[in-house]
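Two complexes are shown next, each including chain A; its partner changes from chain B in the first to chain C in the second.
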Partner chain A sequence: MMKFGNLVVAGIVTGSIYAVFAVCVAVWYRVSNILNLAVGDFAMTGALGVDYLSRVENWPLPLSILATLAAVAAFGYCYDRVVLSLAQDRLRRHEGIVVTFFFTFALSFFIEGIAQILFGTNVHAAPALWPGNSLNLGGGLNIVRAGILVLACAVISGGMFALYIRYTLSGKAIEASGENYLGARIVGIDTRRYRRSIFVITALLAAIFGIVESPITGYTYISGAVISLTGFIAAAYGGFRHPARALVAGLAIGVLEALLGGYVSAEYGDTVMYAILAALVLARPRAMGFESAVSN
Partner chain B sequence: MSGPGPGTALGVTGMSVSYGNLVAVHDATFSIGAGESVAIVGPNGNGKSSLLMGIVGLARRRGEVTIFGSPAPAGDVMWTARRGLTLVPERRQLYPNLSAADNVVLGCYSWTRSARKARRSDAYGRALDLFPDLRSHLRQAAGTLSGGQQQMVAIARGLAADPKILAVDEPCLGLAEAVSKRVYEALARVHEAGTTLIVVEEAPKRALLICDRRVEVRNGVVRAPAGGARP
Partner chain C sequence: MAGLSRLVTARMRPGRPGAPLTTTGLVVVVGLVVVLAFGQQYAGSVLVLAFTYAIVTTGMAVQIGFSQQIAFSQSVFMGLGAYGAALLNTHLNLPTLAAAPVVMAGSGLLALLLGSVVTRASGLALAVATIMLPLIATGYVSSAGYLGGSVGMPLAGNLWQASSPELIAAGNGVITVIALGLVVFVASRILNSDVGLELYALGVDERTAASMGISTPRRKLELFVLGSMFASLGGAVYAGTQLFVPATLVGSAAELSLLIMLFVGGRRSIIGAVAGALAVEYVSGASEWVSVNILLVEGALITVVLLVDPEGLAGIAATARARLRERRRGSGGLAEVPGPADTAGAAADAADAAGAAGAAGAGRLRVTDWAPASAPASGTGVPLLECAGVSKDYGGLHVLDAVSLTLPARGRYGLCGPNGAGKSTLLGVIGGTVSPSAGRVLLGGTDVTGLQPQQRFYLGMSRTFQAVHLITGRTVLDNVAVSCLRSQRSSLAAGIAGSRLGEARDKAAEALDYLGMRGLSGREVSSLTLESQRMVEFARAIAPRPRLLLLDEPAAGLSEPQRDRLSGVLHALGEVTCVLLVEHDLGLVAQITERIFVLDYGRLVFQGSPAEFNDSAVVNSLLIGQ
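Up next is the complex of A and B:
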């Protein structure tokens, strides 16, 4: 029973990361109709960037974090301004979506290449922001301190976003852009500006989560792809357009992964999990939200 | 003929709209005076909607468009909306999963970023007052409303932008006769309140009941029969 509880706690921690990445993918998809496959690479950049600056260059930790986040934001902004604008704004909308999708894929490889040169191929992690042993939750349940930070970040960022969508006009404008592109343009919503700001914000959010979470798992230059993939799958279960469903799916995948790893096989846990996920999609595509991704 | 003068709300000079190789509107020149109500008529597929899309900046155009004398930058919908020209587009283009109220309040986006200001504004209030039937459906998702109610939401969204010129594209497409009548009554009231009105209609009969004159579009060529800026 204790084992089960601990696995669930660990699963919720990893799941909340998947959830956040799934929400990032889903939100940007809502605005731009494009799937961002590079979101995990921003997390890796955050974690390894902070590690590099603080460990190799001996910068103080807060400065390393700020510098890394500033670099990620600046890069995301320039990437959208130059590459995504070229790829999308000059083309017809449908062509643009397909082309841009591949550009985010290319971006992922590009970031990995740079990261390999800058950070090497070893496993690193940003310094723990809240160092110390795991906390005892009572009854034999333990949670790593970084896990609490991850959960806190997930709740804060998710909550802020939900409030933003619900109570502000620009939040509703984001929803409107996703609902009806032409209808959004007609009332004067600058859909490109929203695409850009959400791209930068999700990149920043991903970097922050990478920094906070990396002490738990450790990152290498290719960790981003796995994170993107899992976030992407969770987002797919939410039909790509529903951040709330993507969030639940992310949490569920995290817990499932932890339980399979603990009870079935540490080595083949992931394989079994992907098999289960694939089976679910094949059995109930509509209930899993895949329908809406295609028909919209 | 009325040239672009001080009383001109909308002036179009030598405007062409094309999609790739297809020329939808060819060299259109006409103007609409402030406070006028004009029906743009002609068979379907002859370029009426493209004319409007070109004017508001949603379709690529050549030529000049002025709104109250200021030349409109091509492709800038925001500018057009801020200067007071709002389009209620063909097929309404609502946000189906957002509530009717949210659809209408987003019309205010052209002049404010504050949801509170938008909800308390005169423009928003007037837009809703025009359609008392909508009151009980405001929390409903727009996609679940009837066709007539959706059209009312679309017009209300246009009015929430506080337009000086309201352009409505095929307001009665697919609506029952009784509902169409209500929509037209509402548009007539909008015009009476001083808004310049442009209505695109395939069947001009009804439009001409509330419109002072007509602009004809045939095969992408615009003919605006002489009649002066005001009757």
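Up next is the complex of A and C:
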């Protein structure tokens, strides 16, 4: 029983990592109809950037964090201004699968390439923000301190995005941008501004998350791709457009992964999990939210 | 050299299938020349590797590019081919060349099994379901000891066994090029055939394709098998030329590099797919710095190429060639430029309209010509279409509420109602794209409620949709021919053997003649004005000579003369077949139809003649707001 409890706790911590990225993917897809597969790379940049500045350059920790976040925000802004504007705002918009997958795939490669040059190929992590041993929750249950921060981060960001879209006027405008780009522009919604601001906000969120989370797992320059992929899968199970569902899906995948790793096989746990996930899509596509994601 | 470059760009034009023999000849000749010229140098090994990947990307162009079936399974089957060949060679001493067909057959079988489950999904669901495959495969491969675990597996057998390393390198290179040539030939034969045209239609929209009689589940499965077999051939060639199967050959990163090759080259072009593999491999082998920083380079490369043209290198080459020709000929060459060239389109349309001034009259004269093809004279008294208590709920929302209506074998019928009344949903239920929550649909007395759209098509049902779904890159004639293919029993393999496109094109030409649109038949569809595109869709709907024609807002976006033409044609068609149209233009409905149905909040609130329609208080309050 203790094993089960600890696995669930560990699963929730891992799951909240996936959940945050799923939320980021879902929110931006809702605005722009583009899947952001570079979110994980922003997290990696956050973690490795802070590590580099504080450990190698000996900057104080708060300054390192601020500088890294500023760099991520500036990069996100420039990327939207240059690449996405060229791809989306010209007379002939790029539509369909090219936009959906490829621009952010390429961005992910690009960021990883830069990170390789700047930070090298070793495993690093930002300094722990809440140092100390694992907390005992009683009854033999343990949770790492960073895990609590991670979970809090996930719930707060997911909840805020869900409330924002549901209850505010600009949230509605965001929804309109994704539903019908041209229609939204005609009624006076600046879709470009929303696309840009949400892109920068999700990049920042991912970076903060990477800084908070990295003491648990440690990052290399290519860690981002795996996280993005799991976040993408979790977002898919939330129908790509619903941050709250994406959050739940991310947590569920994390718990499933931990339980399979603990009870089935440490070696093949992930393999079994992916098989289960694939089976779910195929057996119940509608219930998993896929019909709404496919726009014809 | 100029001749060669012209040949290359002509074959590379995205969206158009190149002639199989010229395309294959080009690939094989260029491939052999470079392999034999550079075979003994470092560049030679890079080229052979690039041709190996090109075998895989050619299959991807058919599956992902033309048919828009985004499946992330290529690296898995490439790995299967490579590991399979290595195992057969190491343990059974089978030469790698002989192992290749064995692993291809094995992959084909596995793909058939896996595909029959996976290809039930479409769109993003298919992408998400298949993205698990490389993840599962990586997990398996990296912990399987007999495959060399996370390192990989060496083997001894070259594709070509010879005494000297020079001969081995040359032989390996030649075999790789021949394998690529074979794959290119098969792919372009398929794309040029009637089955290939179905794949193009599948790539536009699955729902529309099904409504034109295309058996979408079957085609998707066949594509999955084809792509997988090509990928495993690529894998076997990889094993036989590199003599080592790295574990990284399988997995999401490998999957991405394959996709990058395809998209850099141009996803809707066979030559483009080959060129993409060459370009990416050449760039990665170009210098020490590049191979260390390959991620950065690939990321920047694909961003730049896609920004310049979403159709990749093939698109860039085609545009450059079109520009060049334009400059050489002056403005006269404009009509040949693919893409929206509305000025030329309008001119040609005007000429066409002038030539077809009496199209409606012509239609009326030849009214008996358009009798339904499959007209098993339904027994007297049996209505052609019967909807009995059809309901459709989405959650708690009743979009259709117990709608019952019957239509006889001939005549023109209108379906009206305010926005959101359920008109398009009812059309969807009749056409088979929407399954009703309750009620039955009968066609000529046969219950078709459980039938797929493509099965209903073969029972004589044909329809148009609100939005225009045409195949860009193909001509008007081919777009109309899609609905005359009747290839439901042909397989992709039949497409390799021969094409029955000719018959379908003849039927399509008849339909275009009937509508007075013959002048447009050679034009590429995206160069037409929107109204001409709608008329092409209409031609496509009537070309198979349906018993029941379902039209969703056929007059939307049409000009006044075309509206008149349309109403003339509908008058004529109504004499021989049954036409049901959803339309907002009440004047047009009252003018054309002989009986009108009105829906409101999913309920049938009125049915009657145009005269009754004009006088009805219900109709006036609902539709005119009085």
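To be clear about the criterion, the second predicted complex is superposed on the first by the 280 of 296 C-alpha atoms of A that agree within 3 Å, B and C clash if a C-alpha of one lies under 4 Å from a C-alpha of the other, contacts with A are read in each partner's own complex, and residues count from 1 in each chain.
Keep in mind that, in the parts below, a residue touches a chain if its C-beta (ideal position, glycine included) is under 8 Å from a C-beta of that chain, and two chains touch if they have at least 3 such contacts.
Please read these numbers as outputs of a predicted model, since none were measured by experiment.
**Q** Following the overlay on chain A, give me a clash-or-fit verdict for chain B and chain C.
**A** Aligned on chain A, chain C clashes with chain B.
**Q** Name the contact category of A:57: first (chain B only), second (chain C only), both, or neither.
**A** Once the two structures are laid over each other on A, A:57 reaches no partner at all.
**Q** Chain A residues in contact: does chain B have more, or chain C?
**A** Ranking chain B and chain C by residues of chain A touched puts C first.
**Q** After lining up the shared chain so the two structures overlap, which partner does A:167 touch, if you call chain B first and chain C second: first, second, both or neither?
**A** Touch status of A:167: first partner only.
**Q** For A:176, using the defined touch cut-off, is the partner it touches chain B, chain C, both, or neither? Pick first, second, both or neither.
**A** first
**Q** Figure out whether A:185 sits in contact with chain B (first) or chain C (second), or with both, or with neither.
**A** It touches chain B, and chain C stays clear.
**Q** Where on chain A do the contacts with chain B and the contacts with chain C coincide?
**A** none
**Q** Of all residues in chain B, which touch chain A in the complex?
**A** 56, 58, 77-78, 81-82, 87, 89, 92-98, 102, 105-110, 112-115, 118, 157, 161
**Q** What does chain A use to touch chain B in their complex?
**A** Those in contact with chain B are residues 167-170, 172-173, 175-176, 179-180, 182-190.
**Q** Across the complex, what residues on chain C touch chain A?
**A** It comes out as residues 68, 70, 117-118, 120-125, 128-133, 135-136, 139-140, 143, 205-207, 252-253, 256, 259-260, 263, 293-300, 302-303, 306-307, 310.
**Q** Give every residue of chain A touching chain C within the complex, in rising order.
**A** Residues 83, 86-87, 94, 97-98, 101-103, 105-114, 116-117, 225, 229, 232-233, 236, 240, 267-268, 270-271, 274-275, 277-278, 281-282, 285, 288, 290, 293-294, 296 of chain A touch chain C in their complex.
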